[in-house]
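Common to both upcoming complexes is subunit A, partnered first by subunit B, then by subunit C.
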Partner chain A sequence: MFKSTNLDLFTFPFTNFKNKTYRYSNDLVALSEDKVNFMKITPEYKVQIKRKREMLEEQPEVRYQSFPHTMEMQWEFVELLIDLSINKYPEHFSVEKDGDQWTFTNHILGETETFIFGDESSLSLEPYDMIGRHFHNDFMLMVNRDDNFYLEVAQESFAALFSPNWNLGMSFNEIHGPVPFVSRDGVELTDRIRKFLLTIEPGAPRTRVNWNLMADRWDVNYETMDIWGPERDKVTAENAGKLVHLRVEEQWFIRMPRSNAILFVLDTQFLPLEDLVLRPEWLETTYFNLADIPDYMAEYKGMAPFLPQSVEYLENLMNSMKVK
Partner chain B sequence: MRVIGNIEMYVGKIEQITESVKRFYLYPSDQKLLPAFTGGAHITTYVDLGDNILEREYSLVSHPTDRTHYAISINRDPHSRGGSAYWHDHIKVGDKVISSFPKNHFTLGFHAKHHVFYAAGIGITPFLTMMEELEAQGKTFELHYAARTKEACAYHDYLHEKYPGKCTFYFSRSDEPQRMTPETMKNQRIGSHVYFCGPVAMVSEYKEAALSYGYPEKSIHFELFAAASGENNPFLVEVINHNKVIEVNPEQTLLEALLDAGIEAPYSCKAGGCGQCEVDVVEGEVDHRDIFFSDEEREQKKMILTCCSRAKEEKLVLKL
Partner chain C sequence: MYNSPVLYDQSETIKEKLSFNDKRKKHLIIYDQKAAGDVKQALTAHSQEELNYEPFEIEDAIKLQDLRTLLYSQKMGTHLYIASNWDHAATVFAEATEAGFTEDEIQTVIYGPKRRYIYCMKCYHTSEISDGDEVQCARCDAYMEVGPFFSKVRKGYIGYPFIPN
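Entry: the complex of A and B
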């Protein structure tokens, strides 16, 4: 388990929910030029990469899936990741291109990847899988066919309730089937957001933040629910500060010009509730939001068994800070 | 690889294709590779005219994976509102043009068993790249292409040579005039997808015909730029609970005008997709341009999404 230690790099999920509490909405916003590069090397980088690769080794089928016709799309993805990483962190990543002969170097890990761009046979892994293992994000490629998006390549280690194995080939609407996706005013959102995604053009990426609470475990997908399901009952108002983590998924949506797909990038971050004392304004906003989560949302997010204890913990924490 | 914003280009070469069609070759000023694209894609071009910007959308006609340059083909429309006439009469080699990333609202049907294209005049342009893709993938297609004469038929020789047996040309002003008709769609096998590009009247005629022959909606494709943009009319808004009357000029959205006037109007996506900027309408007809609400919802409740929709007439009365 890793937690964010540099809070300046932590994406606090309730920034826009100070006056009004959190509800589902189409909260996709435009990205400014300085925010579009999702590369982020935090103090946790090495731990995350190690864990990500372990998961990919342990359960290769669960963690990585692709359709055979996606090779050209995969190379477009490789080029994007290499260019973004070098652009943001030239001290950590570099590439040499000699025609189609590319050598990518990850200086943090001291690793090089040499391959012929566009030729899968020059790699032992698929191109998407290979390059994805250098970055701690989860990556899904949702390909636009007719008027929907279908999951055709996915490498996932940290996202909640997601499994490439289970979700491969599903449409945007099918994937969101389990979500009680209605707005505060009762508007059904899934299909509207599908339509909105169709308007995301190359050159104009968007972002949003998803959040959840996790009890003592961060790897939660449907395949392992029998293990993490019962663990949620261990939480009390006393131990919630350590056991319960705010789980944040910062998300990017980038339309890939050649694939005509939306690349969905996730950066999953964790913060134990007790660390909220480091930012008192976050503590208060989190309390305010969690105290107002409707039952249907708590049930869906899987936090219903420990939400009351967590809220009580935060309330006690706030009171103790006021006393001091 | 580029990911955001527009791309500064310069005109590297201009070719006369027919008497009224020119092909413009655009190169990136920074010499970096351009995004590749998919068959049927277009770009938005922006030309600085000094007092305003000429913004137009053109299909790309260069090869989808040639990333050194883009090419567009423009027909000089005799009724031009300024766009094609300006490009033809004023743009010269070396001029700067801003281009968007390639966008595609006219993609090939993934499930099609066979692709049938119908082009009228300059409507040929998106099909050039679509056919290029299909040829590379080894898929089957055919083109029906109408023009006044062989000389006025852009890319006639190129198409004729490159895709032998796949193209049928119809010249309405030749010695033996031929007319392209929707009837040929009747002979296609099940699973075929049809594509139309040309003047509005032609596209609607073919669309209606295809539906009447029993083509499923998903098998019918036609070029449709920017879903619901219309002319940006100026209008007035009265905000009753703020006692204010505000002018919305053609360059602004209603949302921008409200914010400029110091009214804390809500918003999020600013693109007609999230519904956050909804405001109640007390009086006046709304020209809805969002994709958030359905027609039913619009009838049930009088509201407007201020980031994109406008007044149908001169005035709206709102309550916020």
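Entry: the complex of A and C
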């Protein structure tokens, strides 16, 4: 299980916390200049890339899906990722272009990708799959058609309750329907976000932070529900600090200038509850937020079986710190 | 096209009984023998209204070539009515959407049972299921809860895997 070790790079989710009462916002906000580029190399980079690649190798059908007609968009994605990575981290990534002959170098991993831009026969993987394996994010490419967005390419290793295999070809509204364990009445909200996505323009991505709690597992997809569903019951107030993780999903919505598609990028980060002691103000804020979660939301987020234990753990932790 | 509509048991086009859409210029009615009596009755009821309609009866088996010729020769403003058993309806529906009909332009009345399919999230196999909320995959035997969501690409409901007690 990964955890963020540099807390300056961890996106603490409860920033709209006021008066010790939980407030939830789904708004997609504009990004400050330094956040427009989603690239982020953390101390966990190598271990995350290793795990992501293992999953793609072991379960290609589960982790990567595309339609054959998406190649042009895939190359646009390759160019975008290379540009963003070099822009933010010129010391880690570089590219040499000799006409259509491109050589991309990942200096952290000491790897080189050489290919003819626009010619997928020059690669052993699909272009999107190849370049996506150099970055720890999940990437979903949604094509804009008839005022909706349809998932046409997806590379996913960390997203919760999402499956490239199941969600391929679905509209934005269809993808946001399936939440297991409880029937979800989120139609209005989903439609509001869909309409907002229509207004996103190239060069001005939007962002949103989603959060959840995970019980001893970061990989919670439909394919393994039979395993992690019951595991949520093993959390106690004693072991919650190690087992339960605050799971933060920082999302970027980027309009692709040529294809007009929306690229949906996820940066999923995990922090075990016990590590909240490293930032006492986070510990207190998290405690008050979790203690105030309405039941329906705990159900819908799938945390109902272990939320009370987690709150109790945090309360005990705060009390023990006060005693010291 | 991958996002073409697919006929499934909860399709919006499925209605309890035939009812003509009076905003359309022409009514194309494709039916099989099970529905023949009802179709004739509906047409008789509207006989005073100079309904512009074209009936097409499916005899024992669908002749695909004839069906395609019929569907492709239709003009804008035609409303399609399918009244038949499930298998005939599924064939006509697929051919009609291929020929350019949208779901808004199709009404379907099913005679007899509707078929239901599930997509196993363990082995990615689509199989037919009977009624009930919990089923077993026909290929890998995984136990699945029948989810409420349908994929047009996978042509089935999502099957959430679970381990029985």
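Basically, the second predicted complex is superposed on the first by the 305 of 324 C-alpha atoms of A that agree within 3 Å, B and C clash if a C-alpha of one lies under 4 Å from a C-alpha of the other, contacts with A are read in each partner's own complex, and residues count from 1 in each chain.
The criterion applied here is as follows: contacts are C-beta pairs under 8 Å (C-beta built on N, C-alpha and C of every residue); 3 or more make two chains touch, one makes a residue touch a chain.
All figures in this text were calculated on a predicted structure; none of them were measured in a lab.
Undergrad: One more residue to check, A:67. First (subunit B), second (subunit C), both or neither?
TA: The second partner, subunit C, only.
Undergrad: Have a look at where A:31 lands relative to subunit B and subunit C in the superposition and call it first, second, both or neither.
TA: first
Undergrad: Determine, for the superposed model, which of the two partners subunit B and subunit C contacts more residues of subunit A.
TA: The partner making contact with more of subunit A's residues is B.
Undergrad: Just subunit B (first), just subunit C (second), both, or neither: which does A:174 touch?
TA: In the superposition, A:174 contacts subunit C only.
Undergrad: Please work out whether A:83 is in contact with subunit B alone, subunit C alone, both, or neither, and reply first, second, both or neither.
TA: In the superposed model, A:83 contacts subunit B only, not subunit C.
Undergrad: Is A:8 contacted by the first partner subunit B, the second partner subunit C, both or neither?
TA: Once the two structures are laid over each other on A, A:8 reaches no partner at all.
Undergrad: Is A:229 contacted by the first partner subunit B, the second partner subunit C, both or neither?
TA: After superposition on chain A, A:229 lies in contact with subunit C alone.
Undergrad: Classify the contacts of A:163 with the two partner chains as first (subunit B alone), second (subunit C alone), both, or neither.
TA: Once the two structures are laid over each other on A, A:163 reaches subunit C alone.
Undergrad: Based on the superposed arrangement, let me know which partner A:201 touches: subunit B (first), subunit C (second), both, or neither?
TA: The first partner, subunit B, only.
Undergrad: On subunit A, which stretch or stretches are contacted by subunit B in one complex as well as by subunit C in the other?
TA: Subunit A residues touching both partners: 183.
Undergrad: Give the list of subunit B residues in touch with subunit A in this complex.
TA: Interface residues on subunit B, with respect to subunit A: 1-6, 35-38, 41, 64-65, 100-104, 107, 109-111, 218, 227, 268-276, 291-292.
Undergrad: Under the touch definition given earlier, write down the residues of subunit A that touch subunit C in their complex.
TA: Within the complex, subunit A contacts subunit C at residues 61, 67, 150, 163, 165-171, 174, 177-178, 180, 183, 222-227, 229-230.
Undergrad: Inside the complex, what are the residues of subunit A that reach subunit B?
TA: 25-31, 33, 36-37, 76, 79-80, 83-84, 144-146, 183, 187, 192-193, 195-196, 199, 201-206, 254, 257-260
Undergrad: So in the complex, the part of subunit C that touches subunit A is made up of which residues?
TA: Counting only subunit C, the residues touching subunit A are 2-3, 119, 121-122, 124, 142-143, 145, 147-149, 151-154, 158, 160-163.
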